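After this come two complexes, each holding chain A, first together with chain B and then together with chain C.
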Partner chain A sequence: MTEIIQKVKNLSIGFKSKKGEEILILRNISTNIKKGETVGIVGESGSGKSTLALAMMGYVKHGLYTIGGECEFNSSNLLKMKNRDLEKIRGRKIAMIPQNAGQALTPNLKIGYQIDEALQLHSDLKEEEREQKISELLNKVRLPSPETIALRYPHELSGGQQQRVAVAMALAGTPDLLLLDEPTTGLDVTTQAHVLELLNFIAKDTGTSMVYVSHDLGAIAQVSDRIIVMYSGEIVLEGPSRDILKKPIHPYTYGLLKSIPKLSLAGLPQSMPGSQPQPGTMHRGCSFFDRCDFSEEKCKNNSPQLEYLEELNTSVRCFNYKSLMNDSQVNQTVNKIKTSLQDKEILNLSEVSISYAKQKLLDQVLNRISDDNPTVKDININIKKGETIALVGESGSGKSTILKSIAGLLRTKGGIIKFDQNRNLSSDLKERNPNDLRIIQLIFQNPDESLNPNHTVEEIIAQPLKLYFGLKGEELKKNIIDLLQKVRLGEFYMSRYPRQLSGGEKQRVAVARAFAAKPDIILCDEVTSALDVSVQAAVLNLLQQLKEDFGTTYIFVSHDLAVVRAISDRVAVLYQGRLCEVGPSKDVYQFPSHPYTEVLLGAVLEPDPDIKPKLVAEDIVEEKPPQKGCSFQGRCSRILGDICKNEVPPWQITNSGNSIRCHIPLKELQKDQVN
Partner chain B sequence: MKLDNIYQEEKKSNFAKVSEIIITMASRPSGFIGLSILIFHVILAFISPYIAPYDFKAINPTLMLQAPSAEYWFGTDDLGRDVFTRTILGGRTALTVTFFGSLIALLWGGLLGIFCGLVGGKTDDIVMRIVDAFLSIPWILAMLLIVSLLGTSTEVLIPALGFFYGKGIVRVARAATHDVIAKDFIVSARARGHSNFSIIWNEIIPNVRDAILVEGAMRWSWMLLGFSSLSFLGFGVSPPTPDWGLMISNARGLMSFAYWSVIAPIVGLSSLIIGINLTADAFAKALGIDRSTKAPV
Partner chain C sequence: MLFLIIKRILLGLITLFIVSLITFVGTEILPGDACTTYLERQAFGEQLEACYRRLGLNVPAYERYVSWAVNAIQGDFGYSLSGEMPIKEVLGPRIKNSLVLASAAIFIGIPIALILGIVTALWRDKLPDVAISTVTIFAMTIPEFISATLLILIIAIWLEWLPGIVIVPTDVSFFELLPNIILPVIAIAMIMTAHMARMVRSSVIQVMASEYVQMAILKGVPYWKMVFKHVLPNALLPAINVVALTIAWLLGGVVVTEVVFNYPGLGRLVIESISNRDLPTVQALAIILASIYVSINLLADLMTLMLNPRLKTLQIRK
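Now for the complex of A and B:
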């Protein structure tokens, strides 16, 4: 048996409410972290996973306190230790890698200095040894030319590089246990895949135990040996990662896996009803009872205990796990999307280019935009009525920029945006008439920001109704109730404020507001990125249902290729503000494809330990699109030579109607991609 | 959908909201003390003409500089007037002038700040530079100039004080607006085509109101001090109107042998300022604005 390095015993953490009730964030958690293993803690927001990880460092957030239990590390209870003793352990024995490395690094200190600081604190090396150790660490996290990186400031590095520096700093004290709190959540898909691969390498290389906290089962699947699934402060399932992902025996995990869209399956995954109970609202019975498909009468009043199953080496908190044990695989059923595509063209972008460059005085006076290398260039897309077209790319690819111009929030440098074949839409709001404004509505990424916190749901939805249709009194109210019903919210939500709603409910209100204008086109800007997985599926299903009812056209921006696959009819892949590939979604996801699409597809993380991401290109970040030639030349692994650097590649059309912009002939492209 | 949401909080009437804020304020010791002092002063200002034991302008040379006694609680001043009478009456003008003055400051400063924050660009640049230019003028000199040109009537003092104390509010309101303006709900309102007026009224004001109100409350206490300074210098209210600033000014030469004639107005003035300050702080805390971490701009 391997050595146990951290033992969590009956840990409960909570806070006192205003009324003096004890409200538990963590309830009776017991688990062991063995030497050299990577444990993934997965759960939705509010499940207590971060609180548990912090407790493993002996840290309890301000406002919370330990109610019972202990976190034992080297046979001493961290939660009872004095700060001075904890300082000797933190960084040296247990290190933490935060979610946002950009915020965790001090902005005005050089990278080398910050690592040196960590070394001074957490190791006994002498000055000359430290210098060598710094480059050694930077080398280990695979940063190119460590000497120059050490002299840079954090803002001079990309997000992925900052995260690597954070890993290097955590490794400075050669810790026995590494805690990672959502370390890849803010990163681009390709960067994420690279960082995960690095973490895997480090785990093997150094033999460090890792605790990896994430909401993303895809990321967890890639790194962990063992998975702990948390739900409203309890462990509901714990076991070897392969078994849990392939054969989940707890209804929550089962539902969660079913609600994740997959690359291999077109169509919308099933959603899980309801949402996680808030702390303090649990009464009796199983906390998952309300949402469970397998629940029985006894689940309502009796809470199940965590039961250890010898033969599976798994612990499960459910009365009915046996019925799931027979159900061998997660059979994902998807609701096939019906295309309501019509031949009529509704929006046409031709030769659209957009520039963020600061304009010179002369240009300002003449009210024109001049920039020979604009951020977005050569965008030609026809969008048909009733279509869902997705714009896909990493951050900085210009997808949101294009949306803004369509919405009239950002002036274009050139090109024409045409609505309904003959109406020109100006990219300046002031030049659009109210009807032009009504036909295009936006739904934003983060409903916390897109709903005014001081307005009730009623006031929020009333705004477009009043503005465009001049509704008043009873009629207004009737319309609001109608819209709320369409997004599956009850009438009583009218008097609620956004802060009283869950993330999914807020996004539904935002959807209702967009539909209140009776628009022809809805622009969806990463509408599901801020939501939990189980809620994401529900919102996607709702959007699809509404589209079928109203015949709306969606322009859907997302970085998540699996979500795009689930909902869209057509996909446009963007890199550095230039189109790379446009085609029906089933073809874009097949080969041949543009080398950039190949990179993106390879980096998608599936919640399956057997599907490893393929790392095709380096995860370098380019700040500006190249002056001439192909936009992807800087990162392309299949670059042909000067032709790619000097000439803009031609559009090549495959048999299925997929357009690819590349110099490499289609047959050649396909050759290496078929796997 | 599940109906058993834990949040059962319903939309409250404005009256309920205000009373809840006041109760929260009074639940802290400092807030309770501040509110009590402020309410005491306000009530006193209303009823003092009816409870004043003597005529505030009745000069009686035979009673010059009497020490406090059962008859004249706070003694008499150098003209033989009752100090108690003059003290309880002395806050009336100051309180009224500065209250309406800060309302004016709040209104123009707040609206201009919000407007600049929303519009941005060149308009914002130009307006803010003008505001900066005014901020650099020592206010007391400018006030002296205005008062000597237009006189010391309340009709002049209120707008003049309101103007000079509103400049600071412009900056606070603009900064608060900048915090809100980047949020998606403003972008969303813009994309829908709402007018600037509608965006300011519906989207911005509800979100910056609290910050501006707190700032206005702080300005009130500063303005009170400023107004009393003007009186002290002889440019505020004119004699024989009882006013703390004026009383301190008149009696300061007599401090060594007739301390009572100067102590009473000082206690009156400073207690009111402390009361307003404590109330403003409690108000900010009740609204969830932490002034200790977010200093006014």
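Now for the complex of A and C:
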């Protein structure tokens, strides 16, 4: 049997509430981490997964304390150790790679110093040797020109580069155990795939054990040998990763896997009802009882124990796991989306360009914007009534910028945005009349920030009703209740404040507010990315239902390509503010033709250990679109030569109505897909 | 970078211009003028006319403003009405005295504030924090004129350790001045130090809760090294501006304290010249105080710019 390097025994961590009650964040966790293995810890926000990872370093956050149990490393309990002894273990034996490297690197210290600090603390190298080692480490994490990177400050690097620096810093102490807390969340898809591939390589190369904490089953599937699923502070399922992803025998994992949209499947996944209980609200019974499809009477009052099944090498916390064992695979059923597409143009963007450049004084006087290389350029899209069109691309691709311009938050530099074939919406908010404002509504990414915390749900939804329709009194109230019912929230939600709602409920209120204006077009800016996976599916289903009821048109922006696949009729792929490909989702996803679409779709992580991402292009970050030629020339692996550098590629239209902007002839682009 | 500095300096000059305009207009609008105050009951007819002519008050206001401004830029603020001597000469020793007072308060106050702020933040919610925080909050709430009066009562009258009121000529030498300034300095420094200590405390606490400090701990950086390398440089940067504001705000405290202690500084001169309707002096003082205010803030902005790598590179890149 392989050596165990970290042993967690009956660990409970919690805090004292204001009433003096003990509230548990982690409940009686026991697990072992073996040498050389990668363990994935999955759970939704609030499941205690990060607290567990930090405890494995003997670190308990301010405000929390250890109630019982041990984290044993080298046969000593880290949670009882003195700080002085912990300093010798942290960074040297156990190292952490944080979630948000941009926040986790000290802003006033140079990259080189921060790595050097770890080397000074955890090795006996002399100064010149350390300098060489820094270059070596930066090389190992594949950062270009290590010498210059070492002299930079953290803010001068891109997100992917910062994450790599954090990896290099963790490797400096040659640790036996690496803890990774959501190391790729917040990175672009392509960057994420590259970082994961690097981590896999490091695990093999150095033989380090890893604990990988994430909410993203796709990322977990790529790296881990074993998976621990956490729910409400408990381990509910633990076993070999392939079995867990292919044959989950706990209802929660089963439901979770079913609710994740997949690239290969069009249509919306089934949603899981409800949300995870808040810490401290559970007293008896199974914590998953409310949301479980397999629950029985006894689940209500008795909480199941974690049971080890020898034949599967799996532990499960459920009375009813047997009924799932027979249901061999997660056969995902999707609700096919009905297209309510009408043959009537509702919004037309022609030759739209948008610039963030600061106006010079002369330009301000002349009321014009002069910028020969604007952030967004040459956008031509026709949107039909009832369509869901998705804008996809990495960060910096201009997708949110275009939304802002349509909404009137940013004025366009050139081109025309036309509504319903005759109304010009190229102007910004100040010049639009109330009706122009009403027809386009926005739903934002983060409902915590888009809902006024001092307003009740009633006041939030009442505002557009009062503003656009002048409703008052009983009629106003009736409309609010109506809208709440449409988003499946009861009447009693009216008097609540946003902070009293869960993430999913808040986003429902935001949806209700958008629909209150009876808009023709709703702009959805990353509407599900702040939500947990199990809640995401429910919100997507709701949006789809409302669209069918009202005939609304959606312009949907998301970095999650699987979500886009699930909900959209048509996709527009953007790179550096220029369109690359526009076409029906079905075709774009099945036969990605443009080289960038190929890169983007290839990098998507699926919760399936058998589907590996394809890494086609380097994940370089370009700061500005090129002055001339194709926008993707800098990263394209199929670049033809000077023509791509000098000439803007022409639109080529396939038989299925897919427009591709590339110099490579259509036939050749399509030939590739057959292989 | 250079462009930015020039821009800031220009903005400062514009501020000063506006201040001078406002004080000028203010003194114009007030009923009565230097001559009516000076001549008191004889302020009519021939005598008043003569006085106007002598002081040059018979020309239109904008002309007077221009000639005043041109002279002021050259450091000539005209004649004080009450003393009938050049304002320059009145101001000189006063500025020196006030400067001694204020800089003593600053040099004692800032280090104490930093130490108290850092100690309270690092021992947050423990005994040192609770004790020091209680005292600083208490000190913050007592206005200078009360703390100054109390200091005089206890230290000068009951204990008889130090002089309670400053009775020295204006142009006294530094060493003769020294025993006299101890109490005023304490009175001024107390409230300022308390304010700054609170600011430093919250800034340090904020940085201590940041992800990069957590990362430094998880990297195995020893506690004090972490405090000095990762926490303080980042925590004290925003504190610079707060310190500048507090110093600027201290000017007001100086006025009150100087009056209570009868200290021959700028502050007392402000009160004196206002009550004597010595308008040229009031104008000169307003401009001087405003320039101190503007230049302290400018200095703080530039310091933050120099010390913050983020801002520095951003500027260079542009």
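Everything that follows uses one rule, which is that the second predicted complex is superposed on the first by the 668 of 675 C-alpha atoms of A that agree within 3 Å, B and C clash if a C-alpha of one lies under 4 Å from a C-alpha of the other, contacts with A are read in each partner's own complex, and residues count from 1 in each chain.
Note that in this section contacts are C-beta pairs under 8 Å (C-beta built on N, C-alpha and C of every residue); 3 or more make two chains touch, one makes a residue touch a chain.
In this text, all values refer to a predicted model and were calculated from it rather than measured experimentally.
Once the two complexes are laid over each other on the shared chain, residue contacts for A:Gly20 go to neither chain B nor chain C.
Contacts of A:Gly63 after superposition on the shared chain: neither chain B nor chain C is touched.
Looking at the superposition, the partner that touches the larger set of chain A residues, chain B or chain C, turns out to be B. By the document's definition of touching, neither partner reaches A:Pro650: not chain B, not chain C.
Residue contacts after overlaying the shared chain place A:Gly641 against neither chain B nor chain C.
Of the two partner chains, chain B is the only one that A:Ser495 touches; chain C does not reach it.
By the touch criterion defined above, A:Gly473 reaches neither chain B nor chain C. Across the complex, chain C meets chain A through its residues 209-223, 229-230, 233-234, 237, 308-310, 313.
Interface residues of chain A, counted against chain B in their complex, comprise 273-275, 277-278, 280-281, 290, 407-409, 429, 432, 434, 437-438, 440-442, 444-446, 449-456, 463-464, 467-468, 488-490, 492, 495-497, 500-501, 513, 517. Remark: chain A residues 54, 57, 59, 62, 83-84, 86-92, 95-96, 98, 100, 103-109, 117-118, 121-122, 153, 155-156, 169, 173 touch chain C in the complex. Per the touch definition, chain B reaches chain A in the complex via residues 1-3, 5-7, 9-11, 183-185, 187-194, 202-203, 206-207.
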